Structures are given as structure tokens and as C-alpha cells.
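As C-alpha cells, the structure follows; a few thoughts come after it.
Chain lettering (A, B, C and D) follows the sequence in which the chains are written, and residue indices restart at 1 in each chain.
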Amino acid sequence: MALRNPFRNAKVKETDDLGFGTRITGERDRLIAKDGSFNVERVGMKTWSPYQDLVEMTWWRFFGVVIAFFVMVNVLFAFILNGVGINCLNGVKQGTWLENFEQAWFFSVQTFTTVGYGSISPSCISTNFVAATIALVGLMSAALATGLLFVRFSKPTSQLVFSKNAIITPYQNGQSFQFRIANKRSSRLINLDVKLTMSWVEANEHGMKGRKFARLKLEREKVVMLPLNWNIVHPIDEESPFWERTPEDIKEMNVEVIVLIEAFDESFSQTIFANGSYCDEEFLYGVKWKPMYYPDPSGSGKTILDLSVIDEVLPTA
Amino acid sequence: MALRNPFRNAKVKETDDLGFGTRITGERDRLIAKDGSFNVERVGMKTWSPYQDLVEMTWWRFFGVVIAFFVMVNVLFAFILNGVGINCLNGVKQGTWLENFEQAWFFSVQTFTTVGYGSISPSCISTNFVAATIALVGLMSAALATGLLFVRFSKPTSQLVFSKNAIITPYQNGQSFQFRIANKRSSRLINLDVKLTMSWVEANEHGMKGRKFARLKLEREKVVMLPLNWNIVHPIDEESPFWERTPEDIKEMNVEVIVLIEAFDESFSQTIFANGSYCDEEFLYGVKWKPMYYPDPSGSGKTILDLSVIDEVLPTA
Amino acid sequence: MALRNPFRNAKVKETDDLGFGTRITGERDRLIAKDGSFNVERVGMKTWSPYQDLVEMTWWRFFGVVIAFFVMVNVLFAFILNGVGINCLNGVKQGTWLENFEQAWFFSVQTFTTVGYGSISPSCISTNFVAATIALVGLMSAALATGLLFVRFSKPTSQLVFSKNAIITPYQNGQSFQFRIANKRSSRLINLDVKLTMSWVEANEHGMKGRKFARLKLEREKVVMLPLNWNIVHPIDEESPFWERTPEDIKEMNVEVIVLIEAFDESFSQTIFANGSYCDEEFLYGVKWKPMYYPDPSGSGKTILDLSVIDEVLPTA
Amino acid sequence: MALRNPFRNAKVKETDDLGFGTRITGERDRLIAKDGSFNVERVGMKTWSPYQDLVEMTWWRFFGVVIAFFVMVNVLFAFILNGVGINCLNGVKQGTWLENFEQAWFFSVQTFTTVGYGSISPSCISTNFVAATIALVGLMSAALATGLLFVRFSKPTSQLVFSKNAIITPYQNGQSFQFRIANKRSSRLINLDVKLTMSWVEANEHGMKGRKFARLKLEREKVVMLPLNWNIVHPIDEESPFWERTPEDIKEMNVEVIVLIEAFDESFSQTIFANGSYCDEEFLYGVKWKPMYYPDPSGSGKTILDLSVIDEVLPTA
């Protein structure tokens, strides 16, 4: 009897197409962090990808890296120039080692950036040769730095807003699980496609607990456009893992609903993906959504979409 | 009886896959503006995306922004140079503050653009340091400006032409709703896919009016290529919301037919989308299309496609 | 009787998903030129797209345009510099108008390309201001020119080779229509998809001739990869418009088989399309393909694919 | 009797959607090299694609090419400058031919890279004209070099790790063929799709040996995400070419299982493909996978994925 699992529902079709294992990890841990990233850490293999790091790091770090590189590479060249002979640079006011080094550094910068005032210029083969090298390295480095800058700048920023909570609310003759999304920007998102997977903890016949996964059926899996907000609705029928579950059950099952949204962003003409996840502590009961849009009172004929309302709910009378 | 809705047609399958709500907005307002944009305004959340703005603004505004930035950033640096000491710039003819400022600005520009004539050049550490900064900022700014310029220039321009009107015209044994499109350019559009959704206003059993949506069935939803023009034909059968509607009905129903076209543009190797919409006042009755193409009279063996004819119709005898 | 059409085959499913009209154009004209372009000319609307032109013109024309622009824009600036006062350029050896103009032009070039030797440099506000403008225009122009250059250079070149002829040859218990393609390069083409449409001329019951179109069924419509060559085989069954047609019939029907191939090019990570067309005069009868590949005789274990054989056929004994 | 083929299995559905011919190549040669490339060599047609070469060559070769080009093009211009008259370059210290040539080369480099110190500058029309040409060529060359550099740098690097071996191991009530993959990086791979094709050698009724191909059915062909590792499982049922084969049979059949994986890489927002292949000598029997992930012992709540374990197996008790 102890082994009887109150949460087994024969009608639920299990799946693992999220690629999370069924072996249980800490029961109360989310699989998907609130920012949509996986709650997974990789070890045992060098997995560094400079490009990806440089594209995904913060702007502060990025400029830090650029400036540090800019300073250091020219320091390096300044050393070389000092080595091959500072006297081979016209226009350098000979002085202490430091003064010479400073001027060599500035000359290197002027060459690296291809500014080349000429107030300092190479007068021997040696320095001419170093200068040619600096210019070439400068062009290449500028290509990487500016290319990365532009890729970062032109990366589609996440523009989908998710409601903070999911709600369990009446729908037609039964209950439903709902959350809603909207497009923050006026850019057009096209051919949106939503996949919902529920994950919960359940004991098998030996009473050993494991994670289960099931795809949640939706009232509508695709929309062509997203001009306003979109209520994503999972009707709770017999085949739903929510079927006949009380809020207490849901808490005990340690439910997490994982969301994957695919869409085509016309402004960036790229396919974009958005991840999200709702855990049982983010579910609300006995409420319904507060409408987000209304005709422009000024009578402009436009429809106003108020994004600040996306999290707001009203009690179901 | 007052509640009886003359426009209910049980055979029509409703849908809302356009993501427009059914709550009625001003009855006579279009959902999709003639330029294909949504008739929606977003409030309540900062939704600014500098990249998208800079890509989508007019050319005049874009160049305005570029020039303004170019002037102002160098003004800023000119102030700094004046601050750290104009006398640390070789070749500056000392004069009034304004004269110094002008020369500092021009020096800044020469460095920012990496021209670096050298007629003015930094002679102290301070100015050398500022100059290095200007050159670095210049390279970065140029990357953004030129990258944006190129993205704008290489953006696929809308090349699909829609006929100004839609027509309701005999087709096989019945009637049909038709409009036509053509490719303005000789670039190849491939795998075209058209979706038509009709929206109309209808009262429910309580006489309360709301928007309804239904997908319109088409004679052909996809074509592989678009060498000439394409007649998009919705045959009006029993399942069509047009079924047994008079022009008066259609006007009263406040019909809007929303078009979404997806295609692959080979020249830009990008997927492109085109939106359009036809409101009841843009429907024509008792007409048919004037042919748009004919064999080249000069006998070159080519087919001539006359795009200027796309809006022209002929009376149906 | 005169009206009976010898070419009608009730089993053939007609289609027009190529978007070519059925209205007959010159009977003996191809719809698709041998290079895959449409045999169509657009009139009646400005359809110019500078980007597309610049990307698709020949390399000679492209460099011609670049050089012409480079020369002319600097000529323009040289005029302006002369206007505002050549004496405001340090280092100019005053001389005849032409000599001044030459030096102004060279100064403009040095600024436009941001070389800025400084042997000539602006000494008044006016010329400094013009110089700043030249440098800005130079940066922008360079962005377009170099961006276009790179887009042209990195454009996937057509790498699919089609056999010059199509053959009608025994296949299983019947006949088949075949041609073959191969990948010229070692780059990987993935998920190839082929569509074949046959177009022919046929008289309707009133003896009026028109173009007909039918999709040809294939032994295989998709392959996952294309390591060697691919024989594209249309088995001629009862539903084929080739069914029971003699070579004479086919000539009289003015047959054209139009090919559209879609694939994903991994090296360029782009979807590519290739168009082709075979007219009746390009059909061969009573032949079969000469094999294109064989194990490396040197015993390296590699398979040798001999592209020079792609057009070669052998008589069917 | 001699002709009876011990390996014929009527239930196996053959296919050739890999595009490898059935004509037998060296029996013991792989069709797909371990790095995923085809074991095919192309002859008989010029198939050179400079862009692809420059993108796919090693970094060492790439920089070699860039430097060689940089040196040689400036050598060329140095010759020209010497030709038109070294005395037309201000600042050149006339000397031996070699000394002049050196200075001409450095001047050319300074112009090519648009550094333009001005310590040497053109003083005649002839040299001014050459200098203008150098600057233009320099801008264009820099565009190609830096563009290629960035494309190479931003190319998605193969991030999928395959297990070294495939295993044949119990699964449900029968046996299965398995291998596993994981994502080396934390970047998100989305909508993974796996295709498995088995190739083996079999004699036909005349005892003539040929290659056969069959698609292998999988327990799951797609996963939405790949947060951990993915076991790709082919259950060996009656329709499988592995059905009732002993390890000896498999060796004799010269089995090769060819893998094609398609996925969308969100960081690079590109579709990526990965190829792999397992030959019979890479199969292991009587083993099962060692688990790759476990809850973080430090109790961070994260799941640890240990990529170093991917090749490790445990004996099946």
C-alpha cells in the first residue's frame, strides 16, 4: 500500500523529448532557470568558444576586453620598437626609457589604428618593418572587434514577455492551465509555435521516486501573428497530468511546466526561440486574466495594448 | 427575434490564429493598415530597440543621426582636448578660444576618421592619450554606422505588388473572392505560401457584437515560383463566410480579409513575409481581371508581364 | 474529329503550381532559359533594386562601377575644394587651374581613403570642413563598396551540374524519364529536394491550343546527402503525361520539363535553389547513363567521381 | 545453394537516400570518414571555390595566405613606383636600387593600410595616381581579408560530441543498437533531428556482392532540446537489418551505420549539421553506458554533466 502512487494517471502519455533524464535530481530544483537557461553545469571537457563568449558577455566586459587588448598589444609593439631602436623613429624626443617607451606606444597606437599622423615615423628598415606588421595586425584586430560589436548590437533582443504567474482557471466546462505572452516591440513575430512540457516527481511501483515528463495538449499550438497578447491555454482533460489534482497534490508533485516558443522575427529575419518555466509556487488559483487591450479611448481607431497589465489577474467571481 | 443574427453560418469554422481578440474594437476600423502593419499601439513598457529603429527609420533620418553623432562626439572630444591643453597639439595656431576649439575639433575629426594628416598632432602624453581614445572610439563608431548602412542597403525591399482591389467574380459554377499579386523584380521568389483570414462583425445570441475570424480556403495555397502574376482565388462554397452574402451584407458585416504571404527570396537568400488586407470598401463586383501578360509582339519569344495593369479589371459581360 | 486531341490523357493530374499561365505563348519558346532564369520581361513599373544589381552584375562591371564612383566623387570634391580656395590647402604648389585641380583631387583621394599623408593638409575652416565631409563620405562609401565586394565573394556559386541531356530509358518493367546531377564541389549539400513539372501544348475540345502543366512523380523526391551523382528518375506509368507517347508525339507536344532543386549548402549555411529545364530537343532515346564513379584504382579506398562523364551515355544493347 | 545469401532479410526496407551507389566499392572501406566527410574524390572538372577554401583552410594557412598576399601586392606596387620614378616620392633618401625599392615598398604598405604617415609622400601626378590606386586596392583587399577572418571566427564550431563506440545492448525485451551524443557547449541546440542509415554488403541471387542501405528506426527521432546527453537508440526488431545477426555476421556484412544530425544553434542562429559513422569494428557487445550526469554533490541544485564519461561503458551483469 505504501507503494501505491497517488499520482499515477494511466491516461497520461509520458515523453522525454526535452532530453532531461528521468533520474531524479534534487526534488525541489527547477530544470529551467527563470531566465530560460538550463540548470546544468558541464565538466570534463574543454568547452570554451571565444566567439560565443565575446558575443554573450555583458557590454561592460566586452569593452573591457577590447580596451585591454588594445592597450596590451600596443604595449607589446612598443617593447619591440624600443628593442629594435627608438632612434629609428623620426620625431621621437629621446629621453628616459619611460619617455621613449611612451612615445613608442603612441606611435604604435597611431599605426595600429591607421591614423598615422607622421609626427613620429619609422626611418629604418627595422622600424618600417615593425610598423607594417602593426598596421596589418591592427586591420585584423579591428575587423574582429568591430565585427563582434556589430553582431552584439544587431542580435535580436528577447522581446517576448511572459506573465509572471500561470493560472489554473475555468475554461469551457472544465478547468485549464494558462499563462500569457506578448510582444514587447512592434516588430512582427510570425508563425509562433508553442510547446509545453510538464515535469513532475512520481514514485514507481517500488516507491522509488523519479521525474516524469508529459507534453501538455494546447487549445492552439500555433498562431500566425502576435499583434496583441496570446493566452496559452492547456485544457485539463482526462489525459492531462493535472487531471483531478488538488493544489496540494500539485505542490507535492513538484510540478514544473517548461515552455519553448519558436517564432520568426521579421525585423531581424531570424528564427528566435524563447524558453520559460513555471513551477508550482508560481501557479495561481481561482483567478482569471485582466484584459490587456482596449480600443483607444481617443477614438483613433487603434487598439491599445497595455503591457504593464500582463501579470495582473482578477478573482473569478 | 431581434437577436436572430442574419450572418450566422453554422458551416463556417471559426479560428483566431491571427491573434486578434474577438472583443470588438471600433467596428469600422481595420485590423491591418494598408501598409501591412498592425493597427495596434503598445503602452506600459519600455520597448525601445535602437538597432531596429536605426534599421527601419527613413534614409534622411538615418543620415541625420549619423551626422549629428559625428559632429557631437567630436565636439565632446574638442572640449576635452581644449581642457587638457591646446598647447599640447603641435601645429595649432593659438588664438581665441573659438579658434582653438575649431582646430581641436578638426584634429578630433582627423583622428576619429583615422585620416591623421599630421598637420596637427599630439605632443604631450595627455593629448596623445586623448587621441588614442578618439581613434578607438572612431573605429567602433564607424563599425556601427557602416554596418547599419549596409544592413539597410541590403535589406530585401518589398517587391510583391498587390492589386488595389479584391474582386468577387464567377468561378467554375459558383462565385469566388480573388485578388492578385506579382513580383516587381526579376529576382526569384520561391515556395510562395498564402494564408487568407476573413474577419467580420457578428452579434451573438444576446445581440452583443463581436469580431469573428475564419480561415478562407484557397484554390491553391502554394506555388513553387512566381514568374508572372498569381491570382489568389477563394472559391465561395457553403463553408465560406461569404456564402450567400449580398454586397450589402458584406458591408454590414464590416468584412476585412487579411493576407499573409511567406516566400523565399533567392537574391537575398532570406525568407520574406508580406502582409496585406482588403476591406469591404475595396471589393469590386461584376468584374474580372484584365490579363497582365502576353507574348512579346516583337516575337522575341519572351513573355511580357505588364505590371501597370495589375489593378485593372474588365466588366463581366 | 478534327477536334479530337491525340494527346489528351485523362489520368494526368494537371497543375499550375509553377505560376506560368496556360495561355499559350509562342509554341516553340522555352519557359525557363537554359541558365535557369525565367523567359519573362517585366514592364510598366519601376523595378530597379540597386543592391541586387550590384550583387548580380559581372565582376568587370562591378569594379567599373566602383572605380567610376571613386573617381567621380573625388572630382566633385576637388571642384568644391577649388571653389572654397585652393590656397587654404597647405602644401599645394599653386599653378594653373588644372595643376591646382589635380592636387585638390589627390588631396580628396587621400582624405576619402583616410590615408591622409599630410603632405597636403587643410589650413582654413572652409577646407577643414570639406575635408571632414570627404572623410565621412569616404567611410560610408567604403562600407558599401567593401560590403558588396564581400557579399559577392561569399555568394554560394552554383555548384550543381546538370546532365546536358535527359534520357528516356528502360526502368524496371517500363520506361522512365531521367537526368542526373552532381555536386561540383566537395562542400556538403544536405536534404536535397527535387520537383519536376512537365509543360506541353495541347488543344482543348474547341481545338484551341494551350499550355498544360503536370507534376512528374519521381522514384525518389529527396536525398539526405549528395556524395556522388544522383539519377533523377521519373517512371513513366499510366498517370505520366509521357505515357504511350512516341518521340514524334513528344516533339509535337513541344514538351518542356522544368526542374527545381532545393538544398542546404553547409559551407555557406544557406538554402540554395537550382533551376533547370529540358526541352524535347534535349531528350535522348535508346541510351543509358555511363557510370560516373568507380573505386580508386590506386586502392586508396576512396571512390572517384568523374564529373567529366556526367553528359555521357551508352547505347542500350 | 552457394548463391543463398545468409544475410537476406525480407522484412528490411531498403533505401538509398544517402546517395551512395549500390555498386560495391572496396568492401572494407568506410563511406564516411570519422570526421564526417565523404570518402569521395572529385575529378574531371574544375571545382575550385576560393571562398570555401579560404574559410575552411587551417588558421596557419589562412594567415600565411594573407601575409603572402600583403607582401606580394606591395612588392608589385613598389616595382611600379620605382618604374614611374622614385624621385617623385618626397622624403625618399635616394640610394642604391635596393634602398629605393625598400622605401617604395614601405610607402606602398603605408598607403595600402591607409596609415599614410606622410614621411614619404607622392609629389608627382604619376606617383599620386599610383598611390590612389594602392589605397583603393588596399581598402578592397582589407574588406576581403577582414571579412574572411570574421566569417572564420564566427563559424559555428562543431560542438556535438559523439561517443567513440556504438554498443549493442539489451533494451526492453530485446536488443538495441545505441550510441550517444552531448553538447560540448552551454549554447542551446534546439529541435535536434537524427537520421540513421545502415549500410552493409550483401550478395544478390547471382552471388554478386553489392552495398545495401536501410534506414534504422529509432526509439525517438527528434528532441526539442539537448540539456544533457542523448542516447540514440535503434531497437532491433524483425525489420532491422541487425535482426538475428551475430557479431560475426555483422563483421562479415561489413556494416557501417551512418549518422546525420540536424539542429538549430541558437547562439549562432544557424542550422547546423553533424555527420558521423560507426563501423563494425567500433561496436561493443555486452556493455551498457556509464551514466554521464548526477546532481551536484555540493547541493547547488544544479545537474552536473561530465563530458569526459561519454565514451565509458559498464559490463552488463
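Side notes on the structure shown:
Just so it is clear, a residue touches a chain if its C-beta (ideal position, glycine included) is under 8 Å from a C-beta of that chain, and two chains touch if they have at least 3 such contacts.
In this text, all values refer to a predicted model and were calculated from it rather than measured experimentally.
Listed candidates were A-C, A-D or B-D; the one reproducing the A-B interface, defined as more than half of contact pairs identical by residue number, is A-D.
Each of B-D and C-D has its own count of C-beta contacts, and the greater count is at C-D. As a whole-number value, the distance joining the C-alpha centres of chain C and chain D reads 27 Å.
If you average the CA atoms of chain B and of chain D, the two centres end up 38 Å from each other.
Taken residue by residue, chain B touches two or more other chains at 110, 114-118, 142, 147, whereas all remaining positions touch fewer. Chain C makes touch with chain D in their complex at residues 66-67, 70, 102, 106, 109-110, 113-119, 142, 145-147, 149-150, 153-154, 157, 159, 161, 184-188, 190-192, 220, 222-228, 230, 264, 266-269, 291, 293, 295-296, 299-309.
Interface residues of chain D, counted against chain B in their complex, comprise 114, 116-118.
Considering their complex, residues 16-21, 23, 25-26, 28-31, 37-45, 47, 49-52, 55-56, 90, 110-111, 114-118, 121-123, 125, 128, 131-132, 135-136, 138-140, 142-144, 147, 151, 156, 195, 197, 260, 262, 270-273, 275 of chain A touch chain D.
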